[in-house]
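The following blocks contain the structures, represented as structure tokens.
Here come two complexes built around subunit A, the first alongside subunit B, the second alongside subunit C.
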Partner chain A sequence: MTIQSNSSLPAENTAELPHYVSDAEFDLRSVEKLTAEQEKIYFASQLTLMWWKFRQHRVAVWSGIFLLILYFSILVSEFISPWNYQTRHTKHIYVPPMGVHLFHEGEFIGPFVYGLKRKLNLETMQREYRVDAKKTYKLSFFCSGEKYNWMGLIAGDNHLVCAPKDAPFYLLGTDRLGRDMLSRIIQGARISLTIGLIGIAISFTLGIILGGMAGYFGGWVDMIVQRMIEVLQSIPTLPLWLTLSAIMPVSWSPILVYFGITVILGLLDWTGLARAVRSKLLSLREEDYVLAARLIGAKPARIIGRHLVPGFMSHLIASATITIPTMILGETALSFLGLGLREPITSWGVLLNEAQSINVVAIFPWLMLPVVPVILVIIAFNFLGDGLRDAADPYK
Partner chain B sequence: MVPTLLLASIVIFTIIQLPPGDYVETYIGELIQNGESVDLERAQYLREEYGLDKPMIQRYLLWIGNFVTGDFGYSFEHQKPVSEVVGNSLFFTILLSFFTIILTWVIAFPIGIYSATHQYSWGDYGLTFVGLLGMATPNFLLALILLYVAKVNFGTSIGGLMDKEFIGEPMSWPKLLSIGEHLIIPTIVIGTSGTAAMIRRIRANLLDELQKQYVVTARAKGVPPFKALIKYPLRMSLNFFVADIGSLLPAIISGAEIVSIVLSLPTTGPLLISALQSQDMYLAGSFLMFVATLTVIGVLISDIALGFLDPRIRLSGGVDR
Partner chain C sequence: MHIILKSLVTAGGLALLSSTAHAGTPDEPRVVDFKSLERSIGKRGGSIDMLMAKPKDVRWMTVYSGARLVTYDESFQLAPDILKKVENDGNKSFTFHLRKGHLWSDGQPFTTEDFRYWWEDVAQNADLFQGGPPREMLVNGKMPKVEIIDPLTIRYTWESVNPLFLTALAGARPLYIYMPAHYLKQFHGKYGDPDKIAALVESEQVQNWSSLHKRFGRQYRQENPSMPSLQAWTNSTDLPSERIIFKRNPNYHRVDPEGTQLPYLDQVILNLASSSIIAAKAGTGESDLQARYIRFDNYAFLKKGAEEGGYNVRLWPSGRGSEMTLLPNLNTKDEGFRNAFQDVRVRRALSMGMDRSEINEAIFFGLGREASNSVLPSSPLYEDSYANAWVEYNVDKANALLDDAGFDKKDEDGVRLMPDGRPFEIIVETAGEQSQETDILQLITDHWKDIGVKLFVKPSQRDILRGRVSNGETVMSTWQGLNRGLATPEMNPEELAPVSPIQAQWPMWGNFWETKGASGEEPSLPEVAQLSKLYAQWRNASDYNTQHKIWKDMLSIFTDQVYTIGIVSGGLQPVVVSNKLKNVPEEGIWSFEPTSYFGYYLPDTFWLDE
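Entry: the complex of A and B
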């Protein structure tokens, strides 16, 4: 047998081994001991693990940063927009996007814009603008420009960039009333970005409460909630939005209409979430820790809210991130049908509402520019949601 | 199923009635706009004629009773029975939806599978991005732009169902060709919006399957990679797809309202929207009810199909306590 020769076991029929006691200190956990590297991973909190997993999805991280910047910008919309978004520059109607120049006749004079000459083409009845290279308007930074009311509360006139009065400083052109598109897009972000958040808050609350009740109690509660979900899902969304927003009285102020629409978007969106919560709870409620909580005497609301929902909160947040874009798109669709927000509230949907004729596409294509932030935000939210979903279950 | 439909009918009826005013009011408003004089007696007569003066519950019972027996009511706006109004546009709607769905599948499947097998690669990001681009662009704008591009570059007018000279003509090859030409852009526009969602779901479901142990086992024992992907993981990840087939049924006859409005397509979408706006209540109500019925049937079908496909799925669900 060759095994014996290799093995460290004492061969048979040899002399007794000497008695040996190691004098090293006995460490009970010597086997379980982890290297520093392992320790870092094994003892990381769930949040840390999720963050590590999330970091792997590069695009999601960048999308998150992009969205953070955008959401921060709605705090300072008035400051970063070059003009007041409602000012009508009557001399500059339908001006195409204008570039900023640095050199004038070979001489550096810092960022400036050229003047414009307007001519009415009597054959096509269109305003035609030509760059007037003689006039230059120098731009200034961190300056006092047009007056505004910050969030309608605090008066101010500080801008990041401003041009002298009457200077045609329109980076993205102007619309049919001569309003600066860039300023309007920046202002529109405030409404368009928040509409999804408020809507999702409503649908989240409804979804967790109703779905939680259905999943936890089962029986007739489940029955009722299930029927509600089925009914809501069996009716096409767009007609529902349409009729519900037609209910809102015309006399409502724009801000009320805004809240009305967020509520409508939220009220019709909770069904998917409620289903997810319900199916999760159906399996989770059989866990031992739920039984323990019940035996201690915790009330159902506490068990659902404190013990069950946090267990899959990350999944919920991830799915919510993916729902926000549908709300933003929903608002543009409603605005397209003329049932969404109304002037003077400015959202991207309202702006796009002006870009819905073939005329615009052919002659004033820059009016379609608000679609760029819409697309970017929706894509960013989707990538962020993807990353969050991948990270939601870090133990996988 | 029946209680759901009953509830749905109540909800639909109530919602349609919620906006202030009724069809007669809209109608009279139109007449006044056209400079015609209307006396109150005529309005009263119209209301009685259409049964709008009865209390709501009575109207509801009348409507749902007729609906069950196959009488969908009378459209005020078109002065025709609802079944006739909807029936005229149904064929084209189904045709369009059919092409759209095929296009969505043809694009989404290969991309979804590629994205899942090459997670976090440039190809994954790039293809997902392209798919998302289609989803993120508001449909009406995409339709407008394509309309313009087609007009300028190819000289084809693509609004409507066919070129003007074919309207009312008997079916012929040139007419069929014209219809085909007009179908291209709506198919692309409607298809792009659905593709992204499809790609993501295929990717997510397939990823879930690919992480399971049986896949590792299959790889370890040397099953060829392609077979190890197609044979079981792909098949399992298709559960969601089957679950979706149910929701296709209603989408086939009602989808894509806004695109149809922009491209002035004679589908059921714009019909429904205009019916809702002018409060043509029987047309809107019966049509919505029809869609709701199809949804419920669709869910039933996909539940049954799922049961066949994957015996582990129990329909009764839930644990009794």
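Entry: the complex of A and C
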């Protein structure tokens, strides 16, 4: 610092200049010192950072909660659904969605449903249902109802809500065999939400390992992996599916067939991801921190897994969350080709498949209700993926 | 007209020139009795659209057109149609009189030469008919004596009676005993120019002249636009095509009471669409006349769109013996299942193990009848005991029957074990054409759980299924019930006996009969052998009462032995008719035999009021 003032120069030999010396200990870094809040951020683990960033994305949080609830529900599907999804009510075929009432003739009697009177309209050949206000069926909660086998393992008969036998308690209507749509949607979620995950798990593992190897080592490893990808991508999927459907033995249980197909789809689906991983790695492996890690003596697996993959985690999360809905839609597509799930297994794809006919669109629109959870889940996954991707790169 | 004249002159048919005076109708046309049929006199012109799914469906135009040598009249008696007169001498000798001046659609005369050509050069030609003439032409293996009396008269005489002959000629898929000789001779090894045939064999990529003759000479499936025809409309489009145009036959032999030549409609256009969307398309008025590929459960939807689509919907009762049947294959290659299904107790148990009333309620709106695969109540052969044979829903009895038959052990899932130790899991193969089949099978799957039988559905495709059935590869399949649900004693009872390899319950036995013992197997069950014997007797029956008795005997064995497991009969077929299309009867019967679907109701009298 230079002083350029002439007028106020102190006179020579004057007394000591008045000054102040702080008693506090000298702290060299006082300027850089972090506030408690900053400290929290700077020393937070990556996961914590992601969580904070994620929390700011309100829609993503709600989507996440919604999905968590759905995934929890599949643990207790049998308990939540009012009927067994396969129970046929032959006297109640194509019943439109019914409401629950609280008051009967001005009097509060708790949740109940009215009876139904059925008329066969021989003019239009439709079953017409009229509410029979004389009959009331009271609903009970946490009760014993139809027997079921929880996950096919444990016998039980507890339901969240039950109606007396023969009561027309169909919140979302019934289908052509008189099966309760609500129960079918609830139980269909179990398959639809979980089965695609297997395919994704397989394709992710393969994609990251093979793509990572190709990108990190380059050379002949890269060559082999690239050629493999090209061969796999050149196989047309439709004839492949048709062949697969032909070789699966009919006596296999439908769920086994579907597992088989998802596994094979997973085995074929990793190529795109492997390419993306490879190209990312090709650029990232030239970074200084990779060189540093290598000089310290880290093994390739550690360098890829610890230093490189987190570098493009956001990309992986984005593709994962896009793939899950694709798998859910894929199940619908496979069912359409007759390769997906079959009765008596129920999934949203199977339900939608049944709703394809023109009759449904025109006369029984409530059979298309399984579209609603499909759309909601896909949107939720997309929002969640959006939030996660932003959160995975919290320093941006 | 000029073309017709010219071709006549070149053909040397000068004697027939006079016939062309009235726009191509024969000199003695068949005047359709509009009064008793309650039809209105229409006007000519216009074109209607119909929806079909496959190019093969051109065959339905032959069925719908309904021109046959003889046809069924209003009381289901045989009456001449293309023929002017038939003299039947005790079912032994038949004299046919052709209409004078009757021309093929290409203007060439239709004479007994066409009958002679078929009989001598086609039916008895070893290249064209490997196994000899069709069975309907043989009585006890002997051929008829064929006398050509003059260009318009021909006589067929057998040593013994042939009750089958006329009904075969009247069939929905008729026996053709004539062919346009003037056209087909060019492909025939005996008549054609060998160089021309060789060139065609080359360009059409077939093996020899007989394949060529078969390909260009199809009469039931009018695939070849150049092939002359006697039907009301003839195909004018080369296949394959998405839009197949049938044009009116200018030389058709029927006229209305005022002398106007039929058919009224100039064109019938078949538009091909996927079978699953045909109901949707019909519901928007894209078809002027539609019944095929729409089902009873489309009725409410069709009714809803009727006003906007400009059509009305009628419900015609089905004439089938059963809307759907399960066909256990008694000749399957799988020995375990073969033994199982040859045991009548198993067949009866499977029949009694299904809750037909639930199926009726859920699928048929409760309007069907829970009955075996038999004749319908309006048939003169009907008996309650046939319809009710083993159709009662009785799980206990069914279980007892199965226990009795040696299926008394069960695995941990409660599925019965077959005597050879495998679980009793039946794979039912379907043609995969109707979702109704799958729905019904779904219900039966649940019903059969209670009798310890597991059912799997394997949808396939019609032709593949037929092939697998003939080879004995299927264990069980589904098909519709008897085509002749409205049978009269004069109709052919062939569906009740093993006569053809396409009969999915006994393909090998059927093959044995069809090939006259050359391949297949001889029926090993006494009851089936009895059916064959009865059928042979019917073929030799000369009077109504004998035929009646044989039919009843056959029905009684057939239903009691449950060779086919009928589910529900008496279905209803929606028929979509454009408001502009007149003369389509309000009420009819929807059946292949004997009504040829629309054929019996004379579609050539339908006209457009525009």
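List of remarks:
The rule is short, and it goes like this: the second predicted complex is superposed on the first by the 312 of 396 C-alpha atoms of A that agree within 3 Å, B and C clash if a C-alpha of one lies under 4 Å from a C-alpha of the other, contacts with A are read in each partner's own complex, and residues count from 1 in each chain.
The definition used in the following text is that contacts are C-beta pairs under 8 Å (C-beta built on N, C-alpha and C of every residue); 3 or more make two chains touch, one makes a residue touch a chain.
Keep in mind that this is a model prediction, so the values were computed, not measured.
Contact with subunit B, but none with subunit C, is seen for A:57 once the two complexes are overlaid on the shared chain. Looking at the shared chain after the overlay, A:90 reaches subunit C, while subunit B stays out of its contact range. When the two structures are aligned on the shared chain, A:352 is found in touch with subunit B, with no touch to subunit C.
Look at A:233: by the touch rule set out above, it reaches subunit B but stays clear of subunit C.
Contacts of A:124 after superposition on the shared chain: subunit C is touched, whereas subunit B is not. Once the two complexes are overlaid on the shared chain, A:382 sits against subunit B while remaining clear of subunit C.
Within the superposed three-chain model, A:152 lies out of touch with both subunit B and subunit C [touch as defined at top]. After overlaying the two complexes on the shared chain, residue contacts for A:177 are found with subunit C alone; subunit B is out of touch. Looking at the shared chain after the overlay, A:99 reaches neither subunit B nor subunit C. Comparing subunit B with subunit C, more residues of subunit A are touched by B. Once both structures are placed on chain A, subunit A residues 356-358, 362 are touched by subunit B and, in the other complex, by subunit C. Subunit A makes touch with subunit B in their complex at residues 56-59, 218, 222, 227, 230-236, 238-240, 242-244, 246-247, 249, 279, 282-283, 285-286, 325, 329, 332-333, 336-337, 352, 355-358, 360-362, 368, 371, 374-376, 378-379, 382-383, 386, 389, 396. Residues 3-5, 7-8, 11-12, 15-16, 18-20, 120, 125, 128-129, 132-133, 135-141, 144-145, 147-148, 196, 200, 204, 211, 250, 254, 257-258, 262, 272-273, 276-277, 284, 288, 291-292, 295-296, 299, 317-321 of subunit B are the ones touching subunit A in the complex.
On the subunit C side of its complex with subunit A, the touching residues are 276-277, 279-280, 283, 296-301, 303-305, 315, 358, 361-362, 365-366, 425, 427, 435, 438-439, 442-443, 445-446, 456-459. For subunit A in complex with subunit C, the touching residues are 86, 88, 90-91, 93, 120, 123-127, 176-178, 250-251, 338, 342-344, 356-359, 362-363.
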